[in-house]
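After the structure tokens below, expect a handful of questions from me.
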Amino acid sequence: MIRYLLSRVGQSLVLLFLVSLIGFMVLNLAPGGPLSQFALTPGMTKETLDRIAEQMGLNRPLPVQYADWLWHLVQGDWGKSFRDGRPVLTIINGHLFATLLLMGSSTLLSVVIGTWIGIRSAVRQGSAFDYIATVAAMIALSIPTFWFGLVSIFVFSLWLGWLPAGNMYTVGDGSLPDIAIHLIMPSFVLALVNVAVWSRYMRSATLDVISQDFVRTAQAKGLAPRRVLMKHIVGNAMVPMITLAGMQLPTLLGGALVTETVFTWPGMGRLFLDSLGYQDYPVVMGLLVFSAVLVLVGNLLADLLAAVVDPRIRLD
Amino acid sequence: MTHAATEALAPPARWWRTRTMRRFRRNRLAMLGVVLIVALTLACFSGPYFLPFDELYIDLRARFAPPMTGAHVFGTDPLGRDIAARLFQAGQISLLVGFSAMLMSTVLGTVIGVVAGYSGGRIGAALMRVVDAFLSFPSIFLLLALAAFVSPSPLMITVIIAVTSWMEVARIVEAEVRSLRDRDFVMAARMLGLSSVRIMFRELLPNVIGVIIVAATLTVARAILLEAYISFLGYGIQPPLPSWGNMLNGAQQYLDKAPWLAIVPGVAITLAVAGFNFIGDGLRDALDARSDLR
Amino acid sequence: MTQDKTRFSISRRQTLMMMGAAGVTAFGPGLAGLTGAARAQDAPKGQVVVGFSQEPTVFNPHLLHIEVDEGVHYAIFDPLFDVDTEGKFYPLLATEVPTVDNGGISADGLNWKITLRDDVKWHDGTPFTAEDVKFTLELLMNPDFRSWRRTGHEHVRDLTVVSPTELTWRMDKPFAPYAAILASTFIVPKHAFEGVDPNEAPFNNAPIGTGAFKWQERVAGDHIELVANPDYFGDGPYLERVVLKYIPDMTVLYTQFKTGDIDVAALQWITPDHYEEAKGLEGRAVEIVGNAFFESLTFNMSKPQFQDLAVRQALYHALDKQAIIDALYYGVPSVTETYMPRESFYYNPDLPQHEFNIEKANAILDEAGWVRGADGIREKGGVRLAFTNSTTAGNHLREQAQQFIQQTFREVGAEMTISNLPPAVMWGDYWMMSQFDTVIVGLNVLTGPDPESSDYFMSTSAGATGGAGQNTWVYNNPEVDELLKKGAELVNPDDRKAVYLKIQEILRSDLPFLPIFQYAVIPGYKTGLQGYASNINNRIDTWNIRSWRWV
């Protein structure tokens, strides 16, 4: 167990290093720079920009800059934004809640709906419901999330006028019901793909369990089909689901980024795009590393949880 | 050729008669996918010859014409260009980018997968760690970071998509090759003194072609989606060259006034992606011998 | 369609921006020129929500920042004196605007004397003194400080605090635009920087000013909240609270203005396509206001294609400016022939009128010996009339204009290829070192309300040839160089006017850039809000937020 944890953490560190290195190279080998955004400010001169680049150490060789950044990171200093000079972690922290809220509510939706569809499809394998669910899932996986967001805005905001077209809350409001109503559309849009994924996995997991002997035994013992279903099938099929939840994290996070851009949701995805536009390296790098950490921790937790739920799983 | 693990590899002649293909043809959804893709491809590559409009011709007097205005079947865009003409032209670009990105990432993923699977041991493990690393990271972040800073030509966009999409193929191929590594025919090849490279790519590769095709089909779908997203954000294919994604760029701004700007290209993307997904799924089922039993 | 429709139209007589350093005779329009006697004012009440489509993030006004950040600066800080809507200076922290007449500036423009108010306190209660002014001017030149602007300040010598309310300095040469620069130089408190790295001072994220509003809090990515400063020395504030709301999408900005969620649709304003609808909104005032930025198709004059004046003239004739303005920009900006905003005292109204005429363009090129090749593209002496055009990827309207221009250029046998770049790449060396062929760009080359523009048009300012400015055209005309030098040193506004009219005339005939239009923006506010006034001389809507009030 300890060994497993250690090797996973070690692996994660290598990944973090790789991600940060690639990110840094990509960001810095591109022409231009973080100060370019100020070039069109009236009265700006090349001299001023050159001087400030010098003062900020942007003229140093790239390996030196990278080593410097990494050294500070190791010490827990994530650097400061070029835009507003605030510490990167503070900035990320300010956007974290919005993203987690969106991811959480959307996961809740997709787990509930996906599980229901998945089990129902498996139990009624070959039925019209099963077939329609299969086709619907494939189509859902084919719709571009951002476009689905656009169409939803058109239908529910512009046409029907039921839901707000974007943002997390109304200016000056921000009460719970207000946030909830803003949350509906983005979380459904983000859930679309995940419902499809969950229902597919749930279906096959349930099918696997159904075909196992103990279920047949239980049925033979005369247990009511519904109880068999609830007790055995769901219980057993849930284990791989937990692992799946871990595996789905990168997709979910990526999806959240896409959704945030369409709904101007003030989360990490929005921050990422803004920072890219300004070539705000420290923030972009921070977000790359932070999301990698988030995913790794999520994966690890999922693995551990699965091991706790099902003692048959040995981590090694 | 040796005992093929999959039937996809039966002699080249009459491949369509194999049981795999029979299973595939029986899959209605998969056939629908084939029809969709063939129809879309035909439309995109021949459509421009039948339309009375040039996809680049700007007519400011005809901006924002709704669908079915005169000969503008799908309406016009903010510069008065015919959307149908642009849609077909854009389809060529989007399908080409999707297809080329698939080719690149499949080749890359296959080479890495075969090498990792065949070598096993430390090299294999190390390679797979890298693959896992990439897989466990939200690649859209990396994709955007790359796209934001390279000069956006169709070729660069293709390359960027490819380098963030090869991991799935690599993992599948590695698993498949690892399971074949100790089979008799590989042993025999080794005893005959064939070089590793030859064993990997002449003996093993043909046996995993089935799974590669499945993965490749699904990768095309993914690549089309990715191109659409980065072009939608303005980092992808640049105007005036149309792509399905950049036709959607700016559509949000006109959503209340000209919703067809958003709807038309989105439907095209969904159809194309669904088509490839249907085919991929159908192929996977068809290659799975167990599916006959179900 | 033009400025004439708007409330903010300024008659030419009013000599907007007229004040050179020594030319000031009139003082403030009263709003802030009041002394303690004016204290018997209404208590601040209510709040205003101002919507910006960019997020203010830099609160130290002397660090590198963008336009929107000044929205916060104007509310929290004060300069010594400021510029009103008519281009007149009015005193704020200074008791009066220094002029030659009142002895604030010596006749040769070299010696300056500033008298300060004695009743001003910083938000933290510390009294404001001449030391703070001295500190601010020195901070801008501090080699360790990432100062965003040194222009003008670099000429200041012998900065001396005579008394807590008086300081003097000497300029090492006459520099007419310095008054305009001081008008946008916010004074910051010396005590907030004691013993800390000025680049990292806590002040930078929790600013302390003398202004009408105090810093309350910032919710990053969302809004900034300011509250009334009850001890403000001048007239105002009349609002209890100001919320500067960041709305990262201009369509949403407009929607929120329509629904009333925001009271003012400020920076980046209402998009032109919504203007017609916005005008009809109940309880909202919407106006088109001239802006000091001008849009142009800019040539890189060091490229062989553009060295022939005939090419630049022909391309100008092939540019359908009116169609771009009317169709793509809904007629909101106004057509122009120069870089100078028409509201300016220095604007030259007598420049030749542009004519969109494809035949004429073709005739000019034919005559100049540019011959069409087999592919329809002209060529002369081995140089093809083919070039790239770049702008920021993602600027939809400009990308549309670009594609339209591409089509008309093609008709005269010029091949323009579009090659747009992400902003951070576009405005880096690609722009600064003139690595482009042509660019479509919106620029403001003035120094605040002052016409000084040497950093842009002086031949020695081109980065590509080792200069330190932003002459990205690599424009080189000795006559213009001479005029620019003269303009910066002359003291009398009327003398200066002649110089700048001539510069505009030369640029119009040399055509280093093809002027397309002068920007106009569409701010909107609730009619119950009194005091909102667009000011072309100050870049941001909140320049006079101290006098906004609900009625």
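As written, the chain order gives the labels A, B and C, with residue 1 at the start of each chain.
Operating definition for what follows: contacts are C-beta pairs under 8 Å (C-beta built on N, C-alpha and C of every residue); 3 or more make two chains touch, one makes a residue touch a chain.
Model, not experiment: these values are computed from the prediction.
K.L.:
Higher C-beta contact count, B-C or A-C?
P.N.:
Per the contact counts, A-C leads.
K.L.:
In terms of CA centroid distance, which chain is the most far removed from chain A?
P.N.:
Computed centres place C farthest from chain A.
K.L.:
Could you state the distance in Å from the CA-based centre of chain A to that of chain B?
P.N.:
Computed value for the inter-centroid distance: 23 Å.
K.L.:
With centres defined as the mean C-alpha position, give me the chain B-chain C separation in Å.
P.N.:
Those two chain centres are 48 Å apart.
K.L.:
If you average the CA atoms of chain A and of chain C, how many Å lie between those two points?
P.N.:
41
K.L.:
For chain A, which residues are shared contacts with two or more other chains?
P.N.:
30, 32, 276-277, 279
K.L.:
Considering chain B alone, which of its residues make contact with at least two other chains?
P.N.:
If we look for residues of chain B contacting two or more partner chains, we find 148-149, 233, 252, 255.
K.L.:
Give the residues of chain C touching no fewer than two other chains, as numbers and ranges.
P.N.:
421-422, 424-425
K.L.:
In the complex of these two chains, what residues of chain C are touching chain B?
P.N.:
Chain C reaches chain B through residues 250-251, 271, 273, 323, 327-328, 393-394, 396, 399-400, 402-404, 406-407, 418-422, 424-425.
K.L.:
What residues on chain A touch chain B, complex-wise?
P.N.:
Answer in residue numbers: 11, 14-15, 18-19, 22-23, 26-27, 29-30, 32, 134-135, 138-139, 141-144, 146-147, 150-151, 153-154, 158, 250-251, 253-254, 257-258, 261-262, 272-273, 276-277, 279, 284, 287-288, 291-292, 295-296, 299.
K.L.:
Could you pull out which chain A residues touch chain C in their complex?
P.N.:
30-50, 52, 55-56, 81, 83-86, 90-91, 94-95, 165-167, 170-172, 264, 266, 270-271, 274, 276-279
K.L.:
Help me check something: in the complex, which residues belonging to chain B touch chain A?
P.N.:
Residues 29, 129-130, 132-133, 135-142, 144-146, 148-150, 221, 225, 228-229, 232-233, 248, 251-252, 255-256, 259, 262-263, 266, 269-270, 273-274, 277-278, 281 of chain B touch chain A in their complex.
K.L.:
Please give the residue numbers of chain C that touch chain A in the complex, ascending.
P.N.:
49, 51, 55, 57-59, 63-67, 144, 146-151, 199-200, 204-205, 219-223, 243, 245, 247-249, 252, 255-256, 261-262, 292, 421-432, 441-448, 455, 461, 463, 467-470, 539
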